[in-house]
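Just dropping this structure here.
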């Protein structure tokens, strides 16, 4: 991702652990796209009635990942409380979405993949949030 | 807002207190637009160098309000933990943005107005979050 | 909406017709919320299988209205070509969504309401785009 | 990106050229993140007064890329007119942002990088839009 290179040339210092931050930015981007795709794939399934909760939680998770990803990309004049709250809220959305997607993982490959990236993003958010005091 | 009327015809019951929910949806919409506008107005000011922190916190707050507003509008198959975490994170972003905008309220009317709507949205989020167990 | 008052105190001149611009900003906000709500209400209906196209087009329209609304709120250093293209693309998304929602208006009140606001937003976008040279 | 794998397991056929579509989804994601980062890096520069137009156009481009990326990820029940209009509007936003970033590329590495990804995303959008009849 170009954003890694761009942060190398950012005029302000990075307030958080650089590796955890870059990893979390990547996971938010990947998870947001995956959740947008999973909600849409659910809609296209013949058993869409059973997938309604999955669509809902994927949409919520995509919104949380999108907002948190943009907040984390910004390095100028951060407020640590905002970073921590956004990252923790994102972890909660990822966990709820992963939990639902896992129920459908055996019969929908897109749910299996989405659950995996949600679990990775949840962990990345928790690891980063734990460093923000 | 049309969304009030639409929620009247929603096929699923509303899981949260209806008045607090509708008020919070409205405040998230109003605050998100105001923060987008305040960040942009700051950029247009001759003293933009002093407004850099205000731009940053307005952009973060706009992202938080946008995501939280969409999550709250959805009534189908909600996860209460996701609703609470998003609403609490939004309150934190609103408070940080209000605090910064208040410093500029005396010389920038857009900051005074933005601080007011951020305080209202912060309160609406806290009031709603307090009802989510 | 607070954003109307805020634009009164914006340091830069407004490049477009003020009334058409404010109206379009309002319609984009209203339509974006309505489409988020209609997609979610569709998901909660027992006949969700017949509503799949409506969900899809509501999600697209909500994305278009959200992006266009934020682009129109900004007054500092606008690029007229960007404003025109975003506004025209939003009108296309509104029209497609209205066309689909109208098919379901007789049996789903949320679709009837959503179709109305999509038609208003489509018109507001076209009226504004027509003034941008 | 996980979304590539997910589209392999999508229940509906892909309406557009698969390679051009996947490339455009990737470029929209990369460009949206890069523009969010460039706007923020501009804000952190000592010469922020000269960067105001760059911030503005980066914010617009990030909004356009975010909305277009989500619209392109969806494969269920697409409306080709919506896909074409969104992709074309995104190309316009990318071109305007690239043009401005290029003016600062010699003294701000983040602008040089952002201009490059904007040009790539502009081309990917134009190539994809050209296939949508």
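Per-chain residue numbering starts at 1, and chain names A, B, C and D are given in the order in which the chains are listed.
The criterion applied here is as follows: a contact is a pair of C-beta atoms (placed from the backbone, for glycine too) under 8 Å apart; a residue touches a chain by one contact, two chains touch by 3 or more.
The structure presented is a predicted model; accordingly, all values stated were derived computationally and were not measured.
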For this session: Any chance you could check whether A-C or A-D wins on number of contacting C-beta pairs?
Result: A-D
Seminar exercise, completed: Residue numbers at the chain A-chain B contact, same meaning over half shared and different meaning under half, come out as same
For this session: Would you mind checking which chain's C-alpha centre is most distant from the centre of chain C?
Result: A
Problem set entry | Distance from the mean Cα position of chain D to that of chain A, given in whole angstrom | 19
Exercise. If you average the CA atoms of chain A and of chain C, how many Å lie between those two points?
Worked result: 27
Problem set entry | Junction residues of chain D - those touching two or more other chains | 40, 43-44, 52, 56, 59, 66, 70, 74, 76-77
Exercise. In their shared complex, at which residues does chain B touch chain A?
Worked result: 52-53, 56-57, 59-60, 63-64, 66-67, 70-71, 74, 76-79, 81-82, 85-86, 88-89, 92-93, 96
For this session: Mind listing the chain A positions that touch chain C in their complex?
Result: 40, 43-44, 48-49, 52, 55-56, 59
Exercise. Considering the complex alone, what residue numbers of chain A touch chain D?
Worked result: 1-3, 5-12, 25, 29-31, 33-34, 36-38, 40-41, 43-46, 62, 66, 69-70, 73-77, 108-110, 113-114, 116-117
